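Take this structure first; my questions come after.
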Amino acid sequence: MAWTLAEIAKHVGGVVHGDEAYQVESFATLENAANNQISFLANLKYRKFLTSTVAGAVIVNAEALDSVPNNAIVVDDPYVAYAKAARLLNPVRVHSPGIASSAVINESSSIHSSASIGAQVVIESGVVIEENVVIGPHCIIMSGSKIGAGTRLTANITLCEGVQIGQRCTLHPGVVIGADGFGIANDGGKWIKVPQVGSVKIGDDVEIGANTTIDRGAIEDTIIGQGVKLDNQIQIGHNTIVGDHTVIAGCVGIAGSTTIGKYCVIGGGVGIGGHLSIADNVLLTGMTMVTKSINSAGSYSSGIPAEPTALWHKSVIRYRQMDKLVAKVKELEAKLS
Amino acid sequence: MAWTLAEIAKHVGGVVHGDEAYQVESFATLENAANNQISFLANLKYRKFLTSTVAGAVIVNAEALDSVPNNAIVVDDPYVAYAKAARLLNPVRVHSPGIASSAVINESSSIHSSASIGAQVVIESGVVIEENVVIGPHCIIMSGSKIGAGTRLTANITLCEGVQIGQRCTLHPGVVIGADGFGIANDGGKWIKVPQVGSVKIGDDVEIGANTTIDRGAIEDTIIGQGVKLDNQIQIGHNTIVGDHTVIAGCVGIAGSTTIGKYCVIGGGVGIGGHLSIADNVLLTGMTMVTKSINSAGSYSSGIPAEPTALWHKSVIRYRQMDKLVAKVKELEAKLS
Amino acid sequence: MAWTLAEIAKHVGGVVHGDEAYQVESFATLENAANNQISFLANLKYRKFLTSTVAGAVIVNAEALDSVPNNAIVVDDPYVAYAKAARLLNPVRVHSPGIASSAVINESSSIHSSASIGAQVVIESGVVIEENVVIGPHCIIMSGSKIGAGTRLTANITLCEGVQIGQRCTLHPGVVIGADGFGIANDGGKWIKVPQVGSVKIGDDVEIGANTTIDRGAIEDTIIGQGVKLDNQIQIGHNTIVGDHTVIAGCVGIAGSTTIGKYCVIGGGVGIGGHLSIADNVLLTGMTMVTKSINSAGSYSSGIPAEPTALWHKSVIRYRQMDKLVAKVKELEAKLS
């Protein structure tokens, strides 16, 4: 199937420079595109490939237009336009409604007739599944959970008891929502379990990446806000709250009872301690270690980037000697005055 | 269902101050409790909510008693008492014995009649499942594994060949026990596999969080001691030994052939190298990097907490210049003497 | 079953010193071996156990031969010889060909008659499974995927649409290949999804550890080269390329669109940013933070190892004061000149 540049420009709110009737079939990178493909320039690292691209068309902003060798679609934000155009060219996979014969469904659950329930899904008692929900193969939905309209669980996802998922969410394989939080109390040297009685409540338009885990609350619920986007292998502790439209990259760990604000952007591998509060609009760069609350918007960082191992050995020694160095400088100051 | 304060106090070994016949139905936080609920004060961060709570009762230690606005149950350790009372108010979910018709069970396995085997469970040959074990939906128990009495595998857990789990353990969804350790040898530039012939042996009263992985030993077994508590997304390498009653928070990685002592507490995101030894009673704060053995009990740390990104850029430059700084100070010293 | 030292020496290309007809049944560590077992010395940390071992034979290099108390097999690389001998003594588990009755297979898929398809496997449309492939219980193979000859998916693995796996690979439980990459675009404050239209292509002889995730590409494919070995809980972002024969330890996170060279060795817990390039033959020690491209072969590191917490508190303060210290030293220099 092919789309004209006019159709694509209309869909993304852009203006064609060149042949409006030119047809493209799919997206490609500037470097590898053929002339029946469309590309885009968003990250300036790839600008060097623009003038030589053989893509049939390129989505650019006005500034880059002069360097486009073929047709262009000019927009304000080429990355957003690419996202929208790519969806036009690659519609979401449609799943037929119905329940696979190998699924095991408790009869007390309510499943909308438009929902699609895949092979070997297990749905326990009292579950509510709204219209157009897609539950892929091998998912487990435990008692009392509720899944909002248009949400898709791709495959092999476990929702524990009483988990609530909003509308239009996408959960990827291996996700576990609502497993017990890590609550233990030391009873004379022996650790005893603190029952985890809360659950997890997830807003609308949330995406959750593969093998990410979100624990149920100890008393009240763990809460993921509207429009939150979570990458793979994130761990979110019990009773943590993630504010609306916050984005978290892969391998982030957030301990329990921490509140993350709205519109935050958290880089990969960040660790955030428990019982903290992070303001709205906070950016944390990759691998940052957060041990105290952050009360103002802005960008925060920690960690020391890689250096050759021989230098690193020296640096670590210098780091360990900082105390001595400070003492020496004090001594010098005393001598001088 | 409701419990009197007298019943709860008896269960936790506390003393009621106020109305012994007062009834509560569930736990809530100090901040959000209603008067038919009970709360507790353990973390002093939440003391500010004590005087204004409308909870029907609060579990406190003697020191905080005067600030309780309503009924109180006084105990030595409010967190332990909360854990015990919460279990009283929220009994463990009971699973009916029997084997789901969709489970696939090898007939050479021995399953106690009191065990509960959930939907689409797979049990291979020579498996032994003791009394009152609960195997939730989609678990896989490979050949020769053994699961001790009273243990619960919640759902979607994989035990590979010959894994032994003790009594009264709880494993959460996505856990993988006994996958091959990461053993490779470089045979003239090409990596060849070292067969992983050991297995994994897990003690009694162990809890293992969602998506945690514990690899099988190369030759001998990987061993998790009695009463160990593991949070989510922990990785434990082959032939590592975790001592009794050690507690490990989420996202910790422990390489192979390392021995962790007893009663250790390991914070989230810690990394521990291979072939090391960690003494008993070691505390590691979050994100600590352990590259050498730790031979004495005590608290250890590393990592630099977050700062505003602009300052961080400066700090990294300063860090890189430490060598020059030391040289300068030496020069000054020479000049002065 | 037992093997003579002559048989083992022949298999590993070594020379027996002692009784060639001596028989051993299995491997053990130097410390714990019995006299019907064989051991090896590769890591010098364990040399202290050599002279007192009761192992019936030990695989060593020529240098250590004199210290072997019993029979020896002398080789150039004892670890490689151990790997090969351990495979001889522990042959790979054989799986009978055929399709389990509980598997759900789309009839448009092509499954070689020598393949073994386990219990409750789901295979969607247009899948190609070559000879001698083993698909363990609960695996999900989505539409259009292809699995090369001799590859084994142990259990509970999810391959999303169009994933291609080479020959002789081993994937461990919980692995997810081809879930959507983390592509989002900010459309006026609201995050919208960037469709992830590429897939994942994995070479021959690749091993992938438990709960590791490899995302599908946004436009083109994510690529894992020939002979790559990945440990557990690794996250590989969309459009990342991992070069042939590179080895990555557990808990590593690699962001999207990064290219890792050939023959790299990446330690546990390393984090690598997006859109970077890492040269061939780069070694990264554990927990290193990579924020820039690395253009030359060699060893790179970062991170500060653990110290007692009281010292760490001081170190962090000193680190924060480096700027002041530099200023002071400048002042002293000015005074002195």
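By written order: A, B and C. Residues from 1 in each chain.
Just so it is clear, a residue touches a chain if its C-beta (ideal position, glycine included) is under 8 Å from a C-beta of that chain, and two chains touch if they have at least 3 such contacts.
Everything numeric in this text was worked out from a predicted model, so none of it was measured.
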Chain contact topology (line, ring, star, complete or other): complete
Same-site or different-site touching of chain A by its copy chain B, using the half cut: different
Turning angle required so that chain A lies on chain C, C-alpha fit (0 to 180°, nearest 5): 120
Gap in Å, rounded to a whole number, between the CA centres of chain B and chain A: 25
Numbers and ranges of chain C residues touching at least 2 other chains: 102, 120, 138, 156, 174, 211, 233, 251, 303-305, 307, 319, 322, 325, 329, 332, 336
For the chain A and chain B complex, residues of the former touching the latter: 102, 104, 120, 122, 138, 140, 142, 156, 158, 160-161, 174, 176, 179-180, 182-187, 189-195, 197, 211, 213, 215, 219-220, 233, 235, 237, 251, 253, 255, 271, 273, 275, 283-285, 288-292, 294, 298-305, 307, 314-315, 318-319, 321-322, 325, 328-329, 332, 335-336
Chain A - residues contacting chain C, complex: 26-29, 32, 43, 45, 77, 79-80, 82-84, 86-87, 90, 93, 100, 102, 118-120, 136-138, 154-156, 170, 172-174, 207, 209-211, 227, 229, 231-233, 245, 247, 249-251, 263, 268-269, 286-287, 303-310, 312-313, 316, 319-320, 322-323, 325-326, 329, 332-333, 336
